Every structure is written in C-alpha cells, then in structure tokens.
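All remarks here apply to the structure that follows.
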Amino acid sequence: MTSGLSERNRHLLVLAIGLVLLVGLPWVVDVVTLLELTIYIVYALFALSLGFIWGHGGILCFGQAAFFGLGAYTYAVAAINVGESSGPFLLAILLPAAFAALLGAMMFYGRLSDVYLGVITLVVALILFKFVNSTANETYVIGDARLGGFNGIPGFPTLNWPGDAGSPLMPDEMFYLAMGLLIAVYFGLHGLLRSRFGRIVVAIRENETRAELLGYDVRLYKTAVFAIGGGIAGLAGVLFANWGNFVSPGVFGLAQSATAIIWVIVGGLGTLIGPIVGAVLIQFLTTLLGQQSVVNNAFVLGAILVLVVLLLPKGLMPTLGQLLSRGRRK
Amino acid sequence: MTLDRRTFLAGSAAASIAATIAGRAMAQGATIDVASIHDLSGIFDAYGKPMEKAMQLAIDEINAAGGLAGKQVKEISYDTQSQIPLYTQFGQQAALKDKVAVVMGGILSASREAIRPTLKRFNTLYFYNTQYEGGVCDRNIFCTGVAPSQSVEALIPYAMSRWGKKVYILAADYNYGQIISKWVQHYVKLNGGQTLQVDFFPLDVSDFGATIAKIQAAKPDFVVSALVGGAHMSFYRQWAAAGMKAKIPMASTTLGVGNEQIVLTKEEGDGILLAYNWSAEIDTPANKKFLAAWGKKFGADSVKEIHELAVATYQGMMLWAAAVKKAGTPDRMKVIEALETGMSIEGPGGKITVDPKTHHCTLDVVVIEVKDQKLTVVKQIPQVPPLDTQAVCDLKANPNSNIQYEIKI
Amino acid sequence: MSARGEVVLETRALTMRFGGVVAVDRVDFTLRDGELRCLIGPNGAGKSTFFKCLTGQLKPSAGEVLVRERRMTGAEPCQMAQAGIGVKTQTPSVFNGLSVRENMFLALARHHAGRIAEARTDEALERYALADLRDRKVGELAHGQRQRVEIAMVVAAEPWLVLLDEPAAGMTHEEVDALAALIRDINRRSTMIIVEHDMQFIRMIGDRVTVFHQGAVLIEDHVDTVLDDARVREVYLGS
Amino acid sequence: MDFAVVVIVEILYAVASLALIAAGLAVVFGMMRVINLAHGEFLMLGGYTAIVSVKAGINIYVAMLVVAPIVVGAIGLIVERLVIRFLYGRMLDTMLATWGLSLLLTGLVTMIFGNTTTGISTPIAGYRVGAYQLSGYNLFIIAAGFLVMAGILLALRYTRAGLIARGAMQSSDMASGLGHNPQRIYMITFTVGAALSGLAGGILAPLTGLTPTTGGLYVAKAFITVISGGAAVVAGTLSSATLFGTITQVVTLSSTPVWGDVAMLIAAVILLRLLPQGITGRFFSRQV
C-alpha cells in the first residue's frame, strides 16, 4: 500500500472522521436525513462483509445477500418469539455465520473455486429467496412468527436497550448503534488482518498453492473467512430489518447481492475503506437519481460498473491512494 | 410503542422526532398535504397508474369546490416501483418529513401490511382503496374497496349456477391469494360445491404450461383465478393458446382490476366472470359525471384506463374530503370520529357508507362478464355490508385493535 | 555414496490416470534417509505428475504413498507439508503481492507463534542473504531472485524431505553453480528429490537417478551408469 | 395414457426452453471462456424486438426468427467492440463488466418502453391429445430448441468457420499461424452468441409477458445450465438442460412451480459439488 499518509495516520484519520460523524451528525441533520444516513451505514456494513471475503480472502460470492437476508429474517422471527432484542440480535449474527461456515466448508473442502463458487453462492441465495417467497401459507410458522412469504414480516419488536424490552431504540439511537458498529467492525477487521490469521488469509489470496505447500490448510482458513463475512452480513441484515421494521424476501434477492458487488468494485478491492466509500457513494447517487425521472437509475449504475471495470479496475480508493502518493513524490 | 420517551435528547433530529411524536402539529403550511403512495412502475403499474390519476382528479375537484377547511389540498406522490420495502420507506417520509394529513395508497395486501404499522406508529391516517381479502381491524385505517363477503359472495353462487359445482382455484402466493382462496372455498362449500385443488403461484411465475395440464387432469367444472400482476397475465394467454377457453370456463376475483381485459384479446378474455363495485356500464348520474370529468382531464382515450381500483381511490379520497369538511379540520382524530358517524357519499360505483365498527364500507356489487374487452354487468346487488369483517371486528368496543383476522376453514 | 539409511518414502504401484491417459503407471519407488535423488525423463514421461502425487497436489488414481511407513495416499498438500516435507514447484510459486519479509514470515509462522516467528524471520533473511531485499515486493524481483526466495522459504521451515521441481530452469550459469552448492548444503540436513531436465546440472549434483519413461520407471542407478545407458540415450535422443 | 403423453410433452418443452435460453451463453462460454452476465438482457432485447416488430405490422415469424436475431446480433457486435474485447482472458472482469452492461440495458429499455409488462399472443392454436388440450406453441418451442442445438453442432463440426473457430479456441497461435485473426474470430463468435440469444428471446416472447427486468429471470437459469453442463457447448447444454428440465417439470407437476424451481436449484448445487467441472468436464471432454 502506498499512500501519502503513513498507514498508522491513515487509520487515525478514518477513526477521527468516523467519530466526528458518529457524534456530530445527529446535531446537524433532521430525522428523515438521519434515517437515510442510517441505511447508508447499514449498506456500508454489508459492503464491508463482501469486501472482506472478496478483497482479502479472494472469495467472490455472488450470493452475499443470503447471509444478509438470513440475519434480517432470523432477527425478525426471534424478536417476535422472544420480545427482548438482545438474544435475537446475537442469534441473527451467529446463525448466518454458522450457515456460511457450513456452506463454505461444503465448497472449499470440495475444492470449488472461481465461477463454480459464484454459481453455488448465487444458487443458494436464489433457493432461500424462492423458499421464503413461497411461505405465505399460515402453515409456515416458527413459534409465534409467520414467515409471510412475499408479504414479508412487518411490525416485529425493534431493538431495545439491552435487557429492557419496554424501551425500543429511537431513530437517533439506531443511528448511533449502526455507526458505532460500523466503526467497530472496521477496526476489528483491521486488527484481524494484522494478526497471524489475517496475514495467512491474505497469503492464500496471493497464492493458494504456495500457502498449502507451506502447510496451511487453505480450506479451513477460507471457511473461517467466509463465516466471518457471513456474520457481518448477518449483522447488517439485523440493522436493515430494524431500520424499516420490515423484512421481505427481497433481502435475499439477486439485486441485493449485485449491488453489494458494485459497491465493492467501485470503492476498491483489497482495502477496508473502499467498500464503505463505494456503498455510500453509490447509494447517495441512487437517492439523487431517484429524485428525477429523466435518466434511469439502473442505467447509470450499469454504466458506472462498466466504466470502472474498464478504466479503474482497482476501484476508487486504491487508485486515489496511488494518485496521492504519486503527487507527493513529485 | 412508547415513543414519547427521552424528549430531553438534544439535537435537531431528536427534537423533530419529539415534535412528530408529540402529535401532528397542525396548521403549519398554506396547504393540506395528502400523500399518494402507489406502484407507478414495475409489474403492478397497471393497477397503480390509474389510481394516481384518480387521486389527481379527486383533488382537482375538491380544490375547484373551494378546498377544505379554507385551504387547498396538495398531493405528494410517491412511486413504489412495485417493490414492497419502498412502501415502508415512503410511508416514513410521508409521515415524518411531509407530515401529511392522510396517506392514500397501497395496492397489494403485502404493501398495505408493510405500510400500515409505519403509519400507525407515526399517527398518520391511512386509506386503503383496493378490493382485498378483508379482516383488517385497525382504527387508523379505512378500507374502501370490496371485500370477500361482497364480491366472492356474489361471484361464486352465480358462477356455480351457470357451470357446476367442481372448482379449481389458482391464486397468487401472498396474503391476498392465501386468504381469498379460503373465502372462495368457503362460498363453494356453502353453495354445495367442491374445491378440487388450490394452487399458489409466486408473483414472478409466468409459465403455466404444467399447471394447465394439471387442471385438465383434475376435470373441474370451472376455474377461479386470483392471480395478480403482470407476470400472471400470461396465464390467460397460455390458457387460451392451449384451446382451454372452450373447454373449462373461468371466474376471477382479480381480472379486470388492472383492466387486463383490454390488454388481453377478445378471444382470451371473453366469458370470464367477475364481481366488483364498479363497471363503466353502470348507468347512474354519478358515474356519467365521473367518466366525463376523467375524459376531460386526461383525454377521451384515457377513459378506458379507469378500473375498479381507480374508482375506489376516487371514492376514498372523496370520503376523506367529506369527513374533513364535516370535522372542519384535517386533524386525524377528528376526521376519524367524523367518519365513524357512518358518513356516506354517492360515488361512480353507487352509494358508499362507512361502517363505524369495522372502518370498511357498505356498497353496491355488480357481477360482470367480460365481453368484447368490456365489463358487461350481468347482475346488480345493492348495498352489501362488509359482513366478513363485521363478524370478527368491533372497533367501537376495541379501539386499540391492530390485527388482520383470517377466515378459518 | 549409495543408499545409507532407512526407507523414508515409498510408493507402491502408484498410478495416475487422466481420462483415458495413464500418466503414471504402477510405479514402485523407494527413497532412503539422506538421499539426493534426481528424477529425469523426457517431456511427458510422467515425472512431474509423479512429483505432484507426492506433494499432494494430485490425488493418485490407484496405489499407495507411504511416508515413514505412514499411509499418506491422497493426503492434502498441507498435510504433506505438516509431515515435514518442503516443496518447490516448477515455476516460482511465491506470494507476489507481498514483501520478501512477509513471504519469509509466512513460511515460518506455521511452526512458530507470532513473536518468535517475527524474530526468526529476520534471522532467516540474514542467513539466506535476502536481508537487503526484505521490503521489496517479490513480484517485482528478477526471476533468479524469486527462485532464491522460494528455496529459502522452503528450507527455512527445516523440512526433513525437500522436493524440488526443475529448480535450475531459467537460471544463468553462475546461478546454477550457486544452486548446486546450495542443494548440496541442504542435503547435509535433508533428504531430497529433484525433478530435473538439465543433464549438465544432474552431473553436477547427481547421486542416484531414477529415469521415467512413458509413466513407468525405466532404470534407477547412479548418475554415471544411467547416463551411459543405451536405453536412456535412446529415450532422450529418439531412435 | 393421454396424461403420460402430456407429461412427456411438458418435459420436452421444459428441456427445449432451457436449451434455448442457454444456447447463446453456452456458445460464448464454451468457445471463449467468457461469461456474459448480460445474456438475460440479450434475450429480453430479442423479446422486445419481436414484440415491437409485430406491433409494427411485421409477420410474427419473421419478427421472431429473423429480425430479433439480427438486431440483437448487431447489439452484441457493438458490445464486443466497445467492452468485451478489452477484457479477454480476464474472466472475472468480464463478468463484472457484463453485469454492468445488464443493468445498463435494463435501464435503457425501461427508459424507452417504461417499466411495465408487454406481451403478444401466441400464433399457434392449441391441439388435442385424447382428453387433453395442449398448447401448440410448446411444440414449436420444442422443435426450435432442438433445431438450434443441432444447428450449433453441425456448424461447429462440419463448416469451415466452425473448424476455424474451434481451432482458435484451442490455440489462438495456431489460428493466427493459419492466417486467421483470433480477435476477429472472437468478435464473430460473440456476435453469433448474441444473435442466438436474440433468437431465443424472440421465440419465447409470445409465451410470457416481457418487462425490462425479464432478463434477470433468464440469466440465472442460463448461467446454471451452462456451468453445470461444462465445457462442451452442445453436449453440455443438452445434458444439463435435460436433467434440469426433467426435474423441474416432474416436481412442478406433482406440486407447484416454486418447488420445481427449488428442486432444480438444489440439483444444480449437488451436481456442481460432485462434478466441479460440470457434466461434460468429466464425461465428454474434447467434444463440442
């Protein structure tokens, strides 16, 4: 990594910006904007989950929404049954992580890679979508919660202060929580990547054969990375569910997985800040485009994706980093 | 939800939340704002576009007559693009940002159930102007469309008397289809018939080849379709293409609601039986006036776009306007109380009266046969009450009720 | 210098088929402790396939691989490595995007806990004369330098058996001389198998040589005997 | 007995429509190792071309069988020249770029035609098998599916162009040695693949309604069929289409279309886990 700032300073800068946004934003914007920003953060977290497994683990997952959706649905179902939100919150992270571990083990121990991995992840997300989408019948219940099929699940208890089911989080508190979690996950992943585990994961991305010949069980490491990514996607799903107080099968949809890939590729592979920047930028653009009807949204996003692949194959943030450091040297 | 907590939180966001929750601060702007939330694109746009036009027409007429409570009415329109999660999002915006007096909207029952909790939570009055499966019991919502005890109750005995007793049901796989198919089974049984099979289809299914073979194997006397949306349209095409029209007749609880009869050819649509509140052929002064006004505003060509849901939307808007006039204010509780006096208006579909106990409506029902791409009235039943919801819901006794009852069979 | 110790690696009727093609055909092979064995043969003789069956990169269709009398048939490459076998592949297989130091760290980190691995990394860089390249990305180095990095990574883990696939390929004369010295040095501590093409090089390091032809072992003997053998000449030069 | 015939026809129809949906992608993937995720949109464009042509008064068969492939082939040519050719050998980048393209085309069509369902009626009347009525159009699709597959097979095996194309895919050096420009061969192959997609889209259009997002429904099925089939263009596509078409239809007939789809997807996962190179990667290597 080359950049004008030293690595340490760069992370301090990210932390500072993060904290300023965390504390400052609720003071300067109105509630609707704050709600809008909360969803950006949720998406950033989702992007980060894919950015980690793809950019650092070398696993391109075409069905990351499977874990996002699983997190959202697990939370909704568990919250209806439990009421108090702490248990459901944890369960909705652990279950997608466990599911990712299982799926990952199946794929990596079967030595699937590249396109085949892409197809399987895509298909698994599709299966989940089709299944959940066809659970409108009243026989599909888990405890007190009806899965609801196409309707989705509305009106489940939203997150509350831990231990106190009677005090749900207000929109501004939701913002603090989401932003705080994003910062925590970012630095958590950062620390992980500096650890022995993380360095081996990166080594596997660089050269799987060599890592194996050095005695690292690539299958195990990849499965672990995939599970971590699944857990983070699940966390993003929980926040998403709480944001709208509504989940529907669309959370498993192809579009959800696809947008995440666009965020990551636009923001830049191999960095942690890239996916976050990509998600926020693209979502901001989507919102802007949503307010006019001359140019179609998908048209612009598609054009951006094509142009980024052709002209900025490394994505925004790494390219920016290179430009900065080149500027410095001159 | 206890949302009146923590008002000490500083910051503008927190303050505005507090303001919203403390109750809708009235008399802010120079206009009374009304939100229209419909699918204006995507696979449900055939339903939504005319509903939006009906809103515009109703608001024009209200404003031309001097507005409400001394103010003009302004429409804020949202396109939910046939995506259910957008209902939640736009519902939030309408309630928190636009602070509208009422939300008119929702088409699919799934969209209603997505937006209903949001609007209830943020104390924003909600009108759902669509024929639906009935049973919603919530004081914050008024349902102005026909319900099963009005439409299915009329349709099934009429179809059975013409065709026979064995029925095969196809329904869209979400709450509407699931519940309406039970009502169909209920009325089939009540009239001494037999339901052979019920099949559900997700809204994106567009290949019905195997299903058509299955139906033939079951040999029903007729088919009841509760299919919904653009993709399901191909069922009628494939049915006709297989030459089934001559073999097994069909009734539907949904066809025509999106004016499908003019998209389908004569050969594909003719002979299908329906039952709704409205048909263009209803011969009343109110309907003629409505058709003329629509033609004048949107062009003569546009008159054929009018459908059941557009009429229900127009009637819903007019009901709300009448209530605001009566209450003298757009304040939510006052309007609800006014409506609960059992208000009625004369609409294109006949007289429509609010039932105070259920917030549903008593209205006229017409049984229709599709002929030459037109909805021909074959039978009229005046002033049918919403018996299905009345059987389970009493908002006078339980004003805090907030559920949708489902029929058990 | 003939075989001296106990048998440490053995294959029994090892066979590898791809579709209808038999690349390795019922090979029985024995390696003793301390040996420096060369595998030679013309292109397509099956020596590289045989090599990959030993490293775990290919799963043999039939037969057995025994490492110190333990059955390791079809084991994963990582299990082979964990059993103390170091492997250098034909083309340099290194972590191109990472620095020389990081490469070395990764070679050591499997055997040592983080802190110790860090310390050992710097020692190893000194020992293998890579210290001045430590912060360079391996992908930016010259071919010969990358070969050196890879061999250093393999050896740093102190394997008891080292498998090298065509280590001299693409090297200059001077580099080949240095390599031969390095291999003799490694052989003082580890048993070795070297797949090689270059006769010159085999003469320099040679001891016992196994010649592959059409998937089977043609002859196995001391390098001088083998290179004078008529059949070997025929296989190499064609008739 | 009659019902058995109906079931067989329905299965053949499912197999043929899968083969049609996958054909264009199979050619491009099998010959060029390019995964075109805008494939679904090529089908969708074929459908729109056919519908627009019919509404403009062109004969429906001309619209489906001639106009749709020509128009979409031309679009494919443009796409190849502007985007794909810069990305040969970069499989992942190609996938991402074509994904972008798919969004772009969806958006473009939405701007032109609106996000709404359009459709035309099928041109063939139903027919009778014993006590059952069947859609005549299904027979047409079965015929079209098998003709397209046979056409690809014959073209690759027995025509000079097919021979050169196969040669170029095996080794582009060899082709250029023989005086053929591999860039040009890639260009033509991609165009032909696009034209096949256009043809399929045109043929399928009368059956189901079309929206600008219809491509999304196709691309997953095509992608799964082609990848599961493996490298051999015709043998692979036909074998996986047969497998998946049969599973889908049998399950659909005994339950609902959803379970039919789910069964197919589960079959695909199991298949790829067991045969990571696809069906033909294992059994028919080195065929077309």
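All chains are identified by letter, namely A, B, C and D, in their written order; residue positions are counted from 1 within each chain.
The criterion applied here is as follows: contacts are C-beta pairs under 8 Å (C-beta built on N, C-alpha and C of every residue); 3 or more make two chains touch, one makes a residue touch a chain.
Treat the numbers as computed from the prediction; the structure is a model and nothing was measured.
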Exercise for the section: Figure out the least number of contact steps between chain B and chain C, where 1 means they touch directly. Expected result: 2
Exercise for the section: Please find the path from chain C to chain D through touching chains that uses the fewest steps, and give that number. Expected result: 2
Practice task
Give me the ID of the chain with the smallest distance between its Cα centroid and the all-protein Cα centroid.
Solution key: A
Practice task
Give, as an integer number of Å, the spacing between the C-alpha centres of chain D and chain A.
Solution key: 32
Completion exercise
Rounded to the nearest Å, the gap separating the Cα centres of chain A and chain B is 37
Handout entry: Approximate Å spacing (C-alpha centroids) for the pair chain A, chain C
Key = 43
Completion exercise
Cα centroid separation, chain B vs chain D, in Å, comes to 39
Problem - Of all residues in chain A, the ones touching two or more other chains - result: 130, 133-134
Exercise for the section: Give me the residues of chain C that touch two or more other chains. Expected result: none
Completion exercise
Two or more other chains are touched by the chain D residues 110, 256, 258
Exercise for the section: Go through the chains and record each pair that touches. Expected result: A-B, A-C, A-D, B-D
Practice task
Spell out the residues on chain A that touch chain C in their complex, using ranges where they run on.
Solution key: 195-196, 199-200, 202-203, 206-207, 209-219
Handout entry: Complex interface listing, chain B residues touching chain A
Key = 1-3, 5-6, 9-14, 16-17, 20, 83-85, 88-89, 92-93, 96-97, 109-110, 113-114, 116-118, 121, 173-175, 177-178, 200, 202-203, 406
Problem - Of chain B, residues touching chain D in the complex - result: 41-43, 45-46, 81-82, 173, 199-202, 204-207, 209-214, 216-217, 229-231, 233-234, 237-238, 240-244, 247, 263, 265, 268
Handout entry: chain B contact footprint on chain A (complex, rising order)
Key = 26-35, 130, 133-134, 136-138, 148-152, 154-155, 166-168, 170-172, 175, 244-246, 248, 250
Practice task
Please name which positions on chain A make contact with chain D in the complex.
Solution key: 60, 106-107, 110-112, 114-116, 118-120, 122-124, 126-127, 130-131, 133-134, 254-255, 258, 261-262, 265, 295-310, 313
